[in-house]
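Below: a set of structures, written as structure tokens.
There are two complexes below, and they share chain A, which is joined by chain B in the first and by chain C in the second.
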Partner chain A sequence: MKTGKTFGVAAIVVVLLACFPFGVSGYILGLLTLAFYFAVFAMSWDLLFGFAGEVNFGPSFLIGVGAYTAGLLNHYAGFPIWACVIIGALASVIAGLLLAIPALRLRGPYFGLVTLVAVLLLQNVIVLFAGITGGEIGLDLPDVLSIDDSNNYWIALAFMSISGALLFGLSRSAVGLILQASGQDAMQASALGFNVTKHKLAAFCVSALFSGLAGAMLIFYEGTASVGTVVDIAVGVQVIIAAVLGGRRTILGAALGAVFLIVAGELLRPLGELSTFVVSAVALVVILFFPGGFLGTLLHTGDR
Partner chain B sequence: MGDLLEVSGLTKRFGGLVAVKNMHFSIAPGEILGLIGPNGSGKSTVMKLIMGIERPNAGSVRIDGVEVAGWPSHKIARQGVGIVFQHSRPLHRQTVLENIKLALLPDSLLQLFAASHIDDRAREIAARVHLDHVINRLPGTLPFADLRRLELARAIARNPKVVLVDEPFAGLTSGEVADFSNLIASFRAEGHAVLLVDHNVKGVAALVDRVLAMYLGEYVAEGSAESVMQNETVRQVYLGGKIETAARRDVAAADRKTLLSVTDASVFYGKAQALENVSLTVGAGEFVSVVGLNGAGKTTLFNAISGLVPTTGTVSFDGATLAGRTPAQIARAGIVQCPETRELFGDMSVRENLDLGGQHLSPPDASRQLEWLLDLFPILKSRATQAARTLSGGEQQMLAIARSLMMKPRLLILDEPTLGLAPVILEQLSKALEVLRQTTDITVLLGEQNVTFALPHADRVYVLEHGHFIWEGTPERFAVEAGAQFL
Partner chain C sequence: MESLQILIDGFAISSLYALGAMGFTLIFGVSGVLNLSHGAIMVTAAVIAWAMASSLGVGPYLGAAAGVLAAVITSFATYLLVVRPIQTSRRIAREEKEIFVLTGTLLWGIMLQEAIAYLFTSNPKTVLPLIPGVISILGVRTPMQEVLTAVLSWMVIGLLWLLVNRTRAGKVLLAASINPRGLTILGFELSTIYLYVWGLYGLLAGIAGVLLGSFLGVSSDNVGQLTASAFSIVVLGGLGSVSGSLLGAYVVGYLETITAYLISPSIRTVPVLLLLVLVVYLRPQGLLGRR
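Here is the complex of A and B:
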């Protein structure tokens, strides 16, 4: 079984990664920790793009709502981290629903455009109410997940692994099959009796839930919430590139893409300004010549 | 027991165009109704209205007594309607079995694992449509007929009371046609109501219990296959009234220089062969008509000539081969195709559309050509500033032809210009073509399913069926030798 094999390989990779703190510098652990949260962003995004067939140009809207809701609750109300994270994720789902219900009525590129505008709106609101949100400078948080690099790393790895397993499982389930059919041929799917809008909306909620969770966890790892790390359009663009690079419709590929993007960006840092250029160029080449992405090309050589 | 499907007063408008007008029919359990009409007559729209893919403007659709008009598709599907689309679009990363299972799943967000009986049921259905030997293959590796079988399997998986089948036999070999006929007949035996949609009576006569003919969105005739074929209006629609021929200022055929020659052209769409070793020649100044029913391969032939679809065999124009040239280069060389779909720029005015056609002419040339065309189609003069989208169907067709002529083609390819047009418009169009033929030495290749329209102007006629030519000759001989093919 292809699904089983993919899962097995992923499990081995996770076990290997879990051993890293015993022999790798704190600097690299920190880098990977960030990459793992990014991986969840990208996997959530792939569920929407790869399966529901909807391009969400504003993944950082969902991430940002989760992160800032959690951050504000912690900063002002002093809620414990776990409560902030859960409420943040729920807020992200609600915000996602408010956005998706009207947006899914639109056809063609308009869904994507609505999500893009939503990011700009969120960014503006945060900057506008700088007195409360910290604006461009950011919102510092009284609590952090842990001050220990290894612990932070393990938390992020566990979170990514569980999220990945759930999202991957969902994509291979019966519901995932219906979702894929809805994304590829809505007319056909509804002629088979499936309520396409319902399934896409559900996918959006799941995507929002994991994006919000990851966004909230990320700021408690960093100890601060800022527009530049969780809301900015550039963050969303990175998420999208990571998912496409890793392989559309693979879920796990998105995680691969995210880790590659973050790690490569860091390795090339000595190049200075050029590093972003090189990473972008690699991404462009992969997308142009291997539109299946890393994992897509690996798993599905032959079928488009 | 009452009828499973009852349609009455069904009407659908797209903007100003009435695609379906006051349609009514019913199908009893265990009955197969053939819905017949030429391309553009609205039969596919009727099917989409029943399925809820399009929403009717008025009228009623009852499934086993329940009114479903205006419901969303998925609810109509659950009420007991299944559709077999003409083009199958399976999930490509899932096996045949998984594709069939998909159709068996409940519309639930909580069903994470398919119940085991679904697997058994899917295998049963696969066996019924003879897909059992390929059950673990990916759809991309299957031949065309098996993809159609998969489509059929998915439609019957839900055990619908009413089955809609769009062009059941398009692209199938005669052996496969027999196989599919049996499968469809088995629906009847099980008491389903079946609606077959097709272009002509001939294709489905053996299978159907009754035939309903429609034309231009309207109900024309209903009854047994023979009685519908005898119906006067139906004969008019397919054969036209009297077949008229008019000779042109004569040039002996032998004196003509060959302008276009196509040799052994074949075209495949994926796995379906649309054109099979077709050869044709058109002499300079000649008017050649290719007649054939929809789906016969006319558009494919023209697209092959214009370089729009890859083809084997050779196409040469004015002595030079067109192999390796882009469609744009071919158009510049003088082969201009006026497509069936017209492809007007809807938001631009009539004048702007024409000006675009004359882009590569020098300004004085362009204005001379424009003046000549506005004389040929006077209606366009009065519509010059109107957006092309707001024109009637006939006016749009005239504009499309005029725009093609603006390019000063050496060979004008007209693909199905009469599509969806009312008889009175046909007459105007026919007159314009006659003027064109009498006053210029333009070479025309016309594709038509309307024989009445295609014959009067033609110097020579080809008959295309299932991707190859079955007859070639002069219009005079056509009525005697090939006319009977056309019902």
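Here is the complex of A and C:
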């Protein structure tokens, strides 16, 4: 019932956004392009946390594996972009399965720690093999998606819209409901005859697939792959904040949160070092007073 | 010679890690909170101690005291402004409290980190040593501060042990970690106990922070690393197990020191991370944890 309405509103927003390049400066387009890729990160994370109930502290592990696989293939083997992005995404899915194995055995904080360690290990590997990966300076890529601001913007917008539609549709489907049940009470869900393991594995694969795709596309937009943009724990933290801020278990809220975070970070840039402080403070206040996040609060008041 | 050096350095670092992890495990054991602003509280203590001792010139002792006091205040603020509102909120479902506390304390830690970086810059700072000078232990030249770090860490851990096992207040803490509901039935106010635990936690994190600042030096960029290392030590030893945390601290401290000396300082943390993954897979409850 509400699904149709949400889809309608989202479609209108996307159409409006698609008109931006005709009247907005390249600087704002670049900012939004970055925000759109971030939105996909946050939506993928929300599928794992909000629905499958898995607290993944290392979304940047999945993102980083996809991004660096794609980047290395492009840099050394000279594969075309589309091939790099696809292989990168597949590598992310394998990374997702690696994370899923402990997730099916461990609970709460233990799984969280494993995901955190996965990021730290990936970061260490990249820095250790700096000769191949470019280390902390980054890996420059011979190919870029496009050199035109508007084209880049449209590619990112289309990518985000399609990913969002697929993830949102999935979350509202029967599979999404089973996932939600498995996340909240795995015992009861399996007692009802649902295969919890299979559904959780699927959630990990889907989340990893979109994280990897977005990570790989992001580096081809920027023309360089670096630890700071796709692997660092700070990136993962931002993804989590975006998803919780926008409203967990809503998928589309995560996209909203991501765009808000990126744009707010930029608007507050004149504050210098204090900008991160202010963004964190705002996020904390939202979490404390509106735990449903932007979209959760919005939908909730609409109910009454 | 080198092995002796590793033995001594490893011991001092491990003792400090043990002290740092003690507060973390205490808070988790008693109130079930994983405090991701742990590193930020330690750095706050160290930076305040540095600022008081170096800039205001009140001397190392008063500076250290000010640092510990700052940690206690920050710890109370963490509980009252972040953790308690989430725990008592009726709008957050009970099964989601954990992730909210994690996200909330994480954000709070970032705020502290940024505030410190803004007010005091993110340059590394070394707190004035309480006792300057160098002594020779079996031929190894060791700074007095390093010896003091190990001794003080163990003294504080010993005092904590006495407090928990030998005093009435400690028994109440133990009871709160085992059966909080039973304790409330006996007429104890849980929120008072939690306040008291957070105070104690601030004290522990503060002492650890000041010692860390004078031994290795700190910068606001270390916040994440410090939280992660306390978290790993506690999980390695077994969540909520005090002896486990001690063991975990020594395993981590020595493994890091050996790696840094024998292989390369640049991969200092890698073996620990690998060990951690291995332990979590094979023995999720940690080395000394119970299921």
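One rule holds for everything that comes next: the second predicted complex is superposed on the first by the 299 of 304 C-alpha atoms of A that agree within 3 Å, B and C clash if a C-alpha of one lies under 4 Å from a C-alpha of the other, contacts with A are read in each partner's own complex, and residues count from 1 in each chain.
Heads up, the rule we're going with is that a residue touches a chain if its C-beta (ideal position, glycine included) is under 8 Å from a C-beta of that chain, and two chains touch if they have at least 3 such contacts.
Every value quoted in this text rests on a predicted model; they were computed, and no experiment measured them.
Undergrad: Superposed on chain A, are chain B and chain C clashing or fitting side by side?
TA: After superposition on chain A, chain B vs chain C: clash.
Undergrad: More residues of chain A in touch with chain C or with chain B?
TA: On the superposition, C touches more of the residues of chain A.
Undergrad: Given the touch rule stated above, what does A:Lys198 touch, chain B (first), chain C (second), both, or neither?
TA: first
Undergrad: Between chain B (first) and chain C (second), which does A:Val13 come into contact with in this model arrangement: first, second, both, or neither?
TA: Neither partner.
Undergrad: Should A:Ile86 be classified as contacting the first partner (chain B), the second (chain C), both, or neither?
TA: Neither: A:Ile86 stays clear of chain B and chain C.
Undergrad: Let me test your reading of the model: by the given contact rule, A:Ala283 touches which partner, first (chain B), second (chain C), both or neither?
TA: In the superposition, A:Ala283 touches chain C alone.
Undergrad: Name the contact category of A:Ile28: first (chain B only), second (chain C only), both, or neither.
TA: In the superposition, A:Ile28 touches no partner, neither chain B nor chain C.
Undergrad: Which partner chains sit in contact with A:Val117 here, chain B, chain C, both or neither? Use first/second/both/neither.
TA: Second partner only.
Undergrad: Quick one: classify A:Gln184 as touching chain B (first), chain C (second), both or neither.
TA: A:Gln184: touches chain B and chain C.
Undergrad: Which residues would you name on chain A as touching chain B in one complex and chain C in the other?
TA: Correct list for chain A: 184.
Undergrad: If you look only at chain A, which of its residues touch chain B in the complex?
TA: Of all residues in chain A, those touching chain B are 169-170, 173-175, 177-178, 180-181, 184-185, 187-196, 198-199, 202, 249, 300, 303-304.
Undergrad: Spell out the part of chain B that touches chain A in their complex, as residue ranges.
TA: Touch residues, chain B against chain A: 51-53, 72-74, 77-78, 82-83, 85, 89, 91-94, 98, 101-103, 105, 107-114, 138, 140, 154, 157-158.
Undergrad: In the complex formed with chain C, which residues of chain A make contact?
TA: Residue list for chain A touching chain C: 49, 55, 102, 105-110, 112-114, 116-118, 120-121, 124, 127-128, 184, 233-234, 237, 240-241, 244, 272-274, 276-277, 280-281, 283-284, 287-288, 291-292.
Undergrad: Applying the document's contact rule, which stretches of chain C touch chain A when the two form their complex?
TA: Its residues touching chain A are 34, 82, 85-86, 89, 91-92, 95-96, 98-100, 102-104, 106-108, 110-111, 114-115, 117-118, 224, 228, 231-232, 235, 239, 266-267, 269-270, 273-274, 276-277, 280-281, 284.
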